[in-house]
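Take a look at this one; I'll ask things after.
As written, the chains take the letters A, B, C and D, and residue 1 is the first residue of each chain.
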Amino acid sequence: MIQIICGTNRNDSISKKISIIYQQILNELGLKSNIIDLSELPDDFVFSALYDNAGKNQDFNVFREVMVEAEKFVFIVPEYNGSFPGVLKTFIDGLIFPDTFKNKKAALVGLSSGIQGAGLALSHLTDIFNYCNMHVLAQKPKLMHIEKNMNNGSELGDLYTGLLKEQAELLVEF
Amino acid sequence: MIQIICGTNRNDSISKKISIIYQQILNELGLKSNIIDLSELPDDFVFSALYDNAGKNQDFNVFREVMVEAEKFVFIVPEYNGSFPGVLKTFIDGLIFPDTFKNKKAALVGLSSGIQGAGLALSHLTDIFNYCNMHVLAQKPKLMHIEKNMNNGSELGDLYTGLLKEQAELLVEF
Amino acid sequence: MIQIICGTNRNDSISKKISIIYQQILNELGLKSNIIDLSELPDDFVFSALYDNAGKNQDFNVFREVMVEAEKFVFIVPEYNGSFPGVLKTFIDGLIFPDTFKNKKAALVGLSSGIQGAGLALSHLTDIFNYCNMHVLAQKPKLMHIEKNMNNGSELGDLYTGLLKEQAELLVEF
Amino acid sequence: MIQIICGTNRNDSISKKISIIYQQILNELGLKSNIIDLSELPDDFVFSALYDNAGKNQDFNVFREVMVEAEKFVFIVPEYNGSFPGVLKTFIDGLIFPDTFKNKKAALVGLSSGIQGAGLALSHLTDIFNYCNMHVLAQKPKLMHIEKNMNNGSELGDLYTGLLKEQAELLVEF
């Protein structure tokens, strides 16, 4: 079971759409996956589920358990202010350390409206996951101008679909 | 008026103690400052003050206004999971863009219990602030083993106090 | 006198052309500048001018002197293998430490044939210069698809010229 | 056959000593390895073996062939000016792209006289290798205060030896 993390809590995000597309790709490869949508986190988890309150928020604990049991992850990461969304790092800060990520594997996908494709965001996240002793797949698609590459607002063009398929196949063997 | 941002929402944080020490240093240099403590943010700001809700949370708007009016900032940044706390980036994601940081100046201070001194955290934050067109002072003290360098739990040793004073003086001219 | 460093030793590089264009822009602003072309470095400087041989290569010493006397720099940085050219860092490794960069100012420009615009290269260089206590201007133009934006192989299109002019004006006040 | 790259061309470097120690560790694990010492590169390779001259320097070609045939690498990386030595990146710039690193595996070790342990250097290198589609092992020992941790100038203390052994074992399975 691969956990796909939709890296923002924005409603109706493009990241959510990409997460669903990625799940379909994994499905075609015969792999089961689950989408973790940060928009479903408890509204006050930044205060009720971290530090002295770690483990005390039952709704957040459901996320903690799912994450700690997974072996492989896919992170869909939109670019906010030149890096990843703060909510994604806050989510990571609330997870069980070091068991959630230690010696596990992750694939990262970057999205941006502009031209960077979240390149710096993926670099920063790689630093964080490596610190947590999680290996990161070298291939990290950077989907720039994402809106222009979505047809009808929900279908991804062939170029980007191809990049995600290539990454997904590599993740299987990683 | 220099805004000092205590970069975590943890209660009774060392970052808060360093923020107070930094304010005293600025005071001795004849500079007025204000401490923004992320532990005072609204509990649900990650959902109630971002994206479609930007500007709608009156309690968070107070922070937005203070930040957009400042010209210089000091960020006190503890190391969480190899980078800065997620709540700090989430706070940044909720601010007014691009006016909050554009062509302004910032000084960064890193803290860690371990040996890194938040070095990667400060690198990541520099990327983010440069993306927001804010200049970052080159000198960024990395206060490793911070607990061991606090006397009586609240006084900072001479070495680290000296580093902060040196940075504060440079910030005045920056 | 602003030193413009052409960040590669490749012959007839686009970086050299951008360096010349940047010099013209500075000239129009009434500022004198000089271009340091890494293609003119001694062929064996990596061995004859570093470590135990620091200061012993008279041809390299000319570069050392020019660099240590400057107050402001512009670095034109092409993307090689996802970062800056190794020769640029080797050049930096041969300079006088800490006087060459300490408390000085730099502006960085990134170039790439692909879509990254040397974004990671500029982030890495910022880390290095900040380590050397040199302040880096927040605005760092990332000139992606540079060949497509050069007319007749030597003139830069309006968009990129505008970005360089904007940066140059900011460097004057920085 | 694992290639161990001594990441500096400095004579009698500590990196060389660590490279030899790492080879012994791999030997005890039953793995064959070879040390590539950048101090043995042709003095003028920065000019005679890159760009238009790629493949034309027979002495450098020996290095190119050894690197392109390897499947796993260990990079011993001293900290110079807050990052890796320029000569290491220049060496990478002269290798065969994309075959040298694509879908291969690397382990990185950082060294420093100061307190950083080459942390930023390893982050920068990870960016570069990931760009080249090479996977980097999450565990990257940062050997700070390296001189103080060398006995008799050549033996590594137990703490650091343990970190290298742990990494080497992980590299076998990576």
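Methods note: a residue touches a chain if its C-beta (ideal position, glycine included) is under 8 Å from a C-beta of that chain, and two chains touch if they have at least 3 such contacts.
Model, not experiment: these values are computed from the prediction.
Student: Could you find the chain whose CA centre sits the greatest distance from that of subunit B?
Tutor: In terms of C-alpha centroids, the chain at the greatest distance from subunit B is D.
Student: Higher C-beta contact count, A-D or A-C?
Tutor: Looking at A-D and A-C side by side, A-D shows more C-beta contacts.
Student: Measure off the straight-line distance from the CA centroid of subunit A to the CA centroid of subunit C, and report it in whole Å.
Tutor: 36
Student: Please tell me the distance, in whole Å, between the geometric centres of subunit A and subunit B computed from their C-alpha atoms.
Tutor: Each chain reduced to its C-alpha mean, subunit A and subunit B end up 27 Å apart.
Student: At what distance in angstrom does the C-alpha mean of subunit D lie from that of subunit A?
Tutor: Whole-Å distance between the two chain centres: 31.
Student: Using the touch rule from the top of the page, what residues of subunit A touch 2 or more other chains?
Tutor: Only 120, 123, 127, 130, 132 qualify.
Student: Would you tell me which residues of subunit B are touching subunit A in their complex?
Tutor: 9-11, 41, 43-48, 50-52, 80-93, 97, 120, 124, 127-128, 130-132
Student: Which residues of subunit B touch subunit D in the complex?
Tutor: 115-117, 119-120, 123, 142, 144
Student: Under the touch definition given earlier, write down the residues of subunit A that touch subunit D in their complex.
Tutor: So the residues of subunit A in touch with subunit D come to 103, 123, 126-127, 129-130, 132-140, 170, 174.
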